[in-house]
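What follows are several structures.
First subunit A sits with subunit B, and in the next complex the same chain sits with subunit C.
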Partner chain A sequence: MSIITRSACTAALLMVLSALTAPMATAVAGEPTVSVQNCTWCHGTSAQGYAIAPRLAGQRPAYLETQLKSFHERFRDNPLSRQYMWSATAVLGPQAARDLAAYFATIPPRPANDGNRNLAATGRTIYMEGIPDANIAACYACHGPNAEGIRDIPRLGGLSRFYLKARLEQWAQGYHSVPGSPMPLVARPLASAEIEALASYLSFIK
Partner chain B sequence: MEHRRSDRVWSRGGIAAVMAICAAVVLLVMIGGAAPASALPSFARQTGQPCGTCHTSFPGLTPFGRRFKLLGYTTGGGLYKTTPFGNNNGPQQAYAALRDYANRTDGGGAAQSATSSGERGWVPPISMMAIAGFTHAQADIPAPTDPYRPNDNTVLTPFSGFWGGAVTSNIGAFAQVTYNAPGPVSGLSGAPADKFLHTWTWDNTDVRFASTTRIGPLDIIYGITANNNPTVQDLWNTTPAWTFPYAVSNLGSTPGARTIIEGAFAAHAVGVGGYTMINDMLYLEATGYQTLRFGQQNSLGVDPFGAPGLFSGVAPYWRVALEPHWGPHTFMIGTYGMVFNVNPWIDSTFVQGTTGVLGIADRFTDVGFDSQYQYQGSNYWVTLRANYLREFQQLNASFPTGASANPSNLLNSLRLTGEVTFGGDNRFALTGQYFKIWGTPDANLYSVGGGFANNSPNSSGWMAELDYIPFGMGKAPGWPWFNAKIGLQYVYYNKFNGTTLGAQDNNTVFLHAWFAM
Partner chain C sequence: MSSLGSCLTIRAAILAVSLSAGLSAASRADEVQAKLDYCKTCHGLSGQGYRGYFPMPRLAGQQQEYLQSQLRAFVERRRVNPIMANVAHALSPSMVAALASHFRHLDPRPIGGAPSRSLAAGKRIFDEGLPEANVPACSACHGSDGRGQNEIPRLAGQLYEYTVGQLTGWSRVRGQGTSVDTSAVMAPTAHNMSRSQIEAVAAYVSTLP
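What follows is the complex of A and B.
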């Protein structure tokens, strides 16, 4: 078989595979679509998070939807949001955001387990009890006893230490998330050691 | 992208190329309006992302750039429709499928109409690139130098056109066609083989199919690659096809010895292989290559005599890389390699008028070990790369014919590279590299007539490059249709082709402007 014939056969094989696999995958798993891939490109193949990109799997759908809207409207404005998410959501309409959020919420989340285990106990104390002397409220009051979140309050349990730490630091740095969020007030008093402990604790929650 | 093959003075060809660039710009502006560039503008149009999402110092890749390639150049997200056709015709269909899935999972809700906003129509993912460079060597080019001056030449090197992007939702391609011109020596040599030199040639090409699945606890990305240059399909900039330096002046001297996998058969061979990424961490690939026949290479604009010969059978290539990642850190350690059985040309000068090869073959076994660490800072990237190649040469054909003095040789290549990029969209880049080539002395392979001393292939030295992107964060006029980069490169040799004597005469300054559109 000549090289050209083989090349033509390879091209044909690629086309056939392309035609066959995506419809099959959609029918079986109901998930792979182009737009999902646009998210899992950075957030990991099963949306469990990748490098700096946070886990989307298992996140509260209302939270994902409001954040996508916030990126789209260029309200959530920390540096990584500006770098990546503003462009990624530029043509994302409200219904599309709702659909993506509903999809990612159905994926079972896996914990990042990347915190400092020596700090986890301290982090748990802050999470469950707050720091009354510093007027820091207990996180669990809103985010739930297992950091699972509710409605548009996000699930924190099992997110990566890097992401949790960056987000907690950003509240005191003047960045925005969604209008009316209480987090700038709640999190601003947190010291860096306390943020580190909280991020470590939360990263281990299943 | 092969920047090392073609250079051209500002002559008729250069003027033609510039005119072609201008025509392309006009054409592209006519096709669509300006919006927010990537290193390859067609990738930016497809993804909607600026250069800095995928590239540190172009074409060096970030973790997300590697994943974009891994997923077959098919990821979208930009203002423009991703593919002209395919399994999903665009966001509308994709969102409808998502709604169906969510409804089945949650058991409720009538589907509403999707409201993706502002999407524009499909535009062919075509890009063009040109590098104009000024070269100053420490010593003048040996005569004859026509059509160049002995030193301080400004050249267009090279001019390329690309297809870069999705074909369907699972198939994408990076395909390059490059304008070439004979260098000063080959242009004046008058050898019969000169008839096989070309101006236009196919260049780096990588066509991919990619998809994802889940097997138990394993997240799997799998795919097929069809390409024309071993390692062009690789994800890391440690392996030869995409390693630093990314742009080189052909008027600057480069060491004469290199391992076979370092580009000897680029565009002379084609290969098809399969790859997988398991749990976003373990990359495995196996690909088989075969050389194109003499006439096929010639038809594609490749000088067949530019390679050592033709493969005897299929040449296998393998790749294993483990890339753990945590937060802003990624680390990779890997190995790759290839076995080449090469039948040398009977007469690569074509004086005898034959395009045949010898019936016996040299066997080259190239084994590489590479590693990379990458850190993403708040407004900067730090990347450290190491690559070591060891080539075992069994010269079963070259030794009997006297082309080599030894029946077997070893050749080693080492590159240690550090890179810092910073500023919006990585608009500043500083790169340094230590390189070393060393191997078995061979009186025939590394002869004085071949430009070597002491029968030795050994060379070593340092490289430094400063790059500046004048239009960061999508501020280029006509973004994402146009972008530019200015680079200043200096190469210093401790040893060149077997000797330290006069090695510094080969030191080169290369100031270049890179345009993409």
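What follows is the complex of A and C.
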């Protein structure tokens, strides 16, 4: 099955699921102890990501927590976030978010390896050095030497090329992630060739 | 690869043309604004500093002469930092002057986040030094308000982790190479303080407005 048809199928499946899960979740009063299955339906059984739903395994717990809060408050607002994650977090309280974040962070991540190998070297140079003449900041300064992230700055290494590319395009398109994020300024000067190279490089990092 | 290559070539060509043709005042202002946004990506949206994988120092309110001297030190590798060497390399002298004057006039609140247990000990070191360890009062050079003067930097409101990192690593990152520079003035002071004294004084200056 081609990637396009596969993700189209998944998207249809996800829509059905989100329609099903939302009312189920609202039925629980107060702060539910959310079952991990509610998340792995979409994010894959070992949370390694599936089609449009990104990998959660091995992500920084503080980052997962801030994003869950941001979905819950409907601040992170790109079309996929609205369509899938707003309902998935509608009744998610702070304690449940913290527990889920801690759980997913402990699962060992596997790299997506779905980038273009020929672009990886260029991507690495941009990641490590930026392009100062074009005002492109070195990602390394915040995301770390091996794209492992720290505190609420996410691990990028091994995320899928599709997801990374979409995220980097969304900031320049005016969508939001969390208040006060430096990423809109980071993304603004990136041209599509640079996004392609960065996403390819990062997808291979273990 | 080739599309990125050609994209960079086009950028370089635009840069070359705009430089040779002489920039209009408007495009010059745009260019400075774009560069400032770039600096603020890492140094905080109001120049207040930022905690990335590495601590990025506060530039807001910094002395212009000091800021310029450090950008030169990065380019000449007297001060070793791979990130800032690349950044500083791409700056013309007139751009550096424009950036330094902009940051000098920013005044955000200190970013905070330092441990508060030894603030009193830190204040004592700052005001009086440590005579028994040959450490002079910091205020003698950096000013009693910690705002510095000319080539002596402002310490007020600086990120705790950054100040600790500079003072513990002084001889490895500053004054490298053969020529002697202003970093030599601070070297004995940094060397003579213990880790816990450094932490105390770094915490204290981080709270100064």
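Here is the rule we use: the second predicted complex is superposed on the first by the 172 of 206 C-alpha atoms of A that agree within 3 Å, B and C clash if a C-alpha of one lies under 4 Å from a C-alpha of the other, contacts with A are read in each partner's own complex, and residues count from 1 in each chain.
Note that in this section a residue touches a chain if its C-beta (ideal position, glycine included) is under 8 Å from a C-beta of that chain, and two chains touch if they have at least 3 such contacts.
These numbers were taken from a predicted model, which means no experiment stands behind them.
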item: Touched partner set for A:I150, first subunit B, second subunit C, both or neither; value: second
item: Which of subunit B and subunit C A:A134 touches, first, second, both or neither; value: second
item: Of subunit B and subunit C, the chain that contacts the larger number of subunit A residues; value: B
item: First (subunit B), second (subunit C), both or neither touched by A:Y84; value: first
item: First, second, both or neither for A:N118, with subunit B first and subunit C second; value: second
item: Subunit B versus subunit C as contact partner of A:L185, first or second or both or neither; value: second
item: Residues of subunit A defined as touching subunit C within the complex; value: 118-119, 122, 129-138, 140-145, 149-151, 153, 180, 182, 185-186, 188-189, 191, 193-194, 196-197
item: Of all residues in subunit C, those that touch subunit A in their complex; value: 1, 3-4, 7-8, 11-12, 15, 34-35, 37-38, 40-42, 45, 50-54, 56, 82-83, 86-87, 89-90
item: Touching residues (chain side subunit A, partner subunit B) in the complex; value: 2-4, 6-7, 10-11, 13-15, 17-19, 21-23, 25-26, 29-38, 40-42, 44-46, 48, 50-52, 79, 83-84, 87-88, 90-96, 99-100, 102-103, 106, 114, 160-163
item: Residue ranges of subunit B touching subunit A (in the complex, touch as defined); value: 36, 47-50, 52-53, 63-64, 67-68, 71, 74-79, 82, 86-88, 90-91, 93-95, 97-102, 104-106, 112-119, 168-171, 207, 209, 211-214, 219-221, 224, 226, 270, 272, 277, 279-280, 290, 292-293, 296, 325-330, 376, 378-379
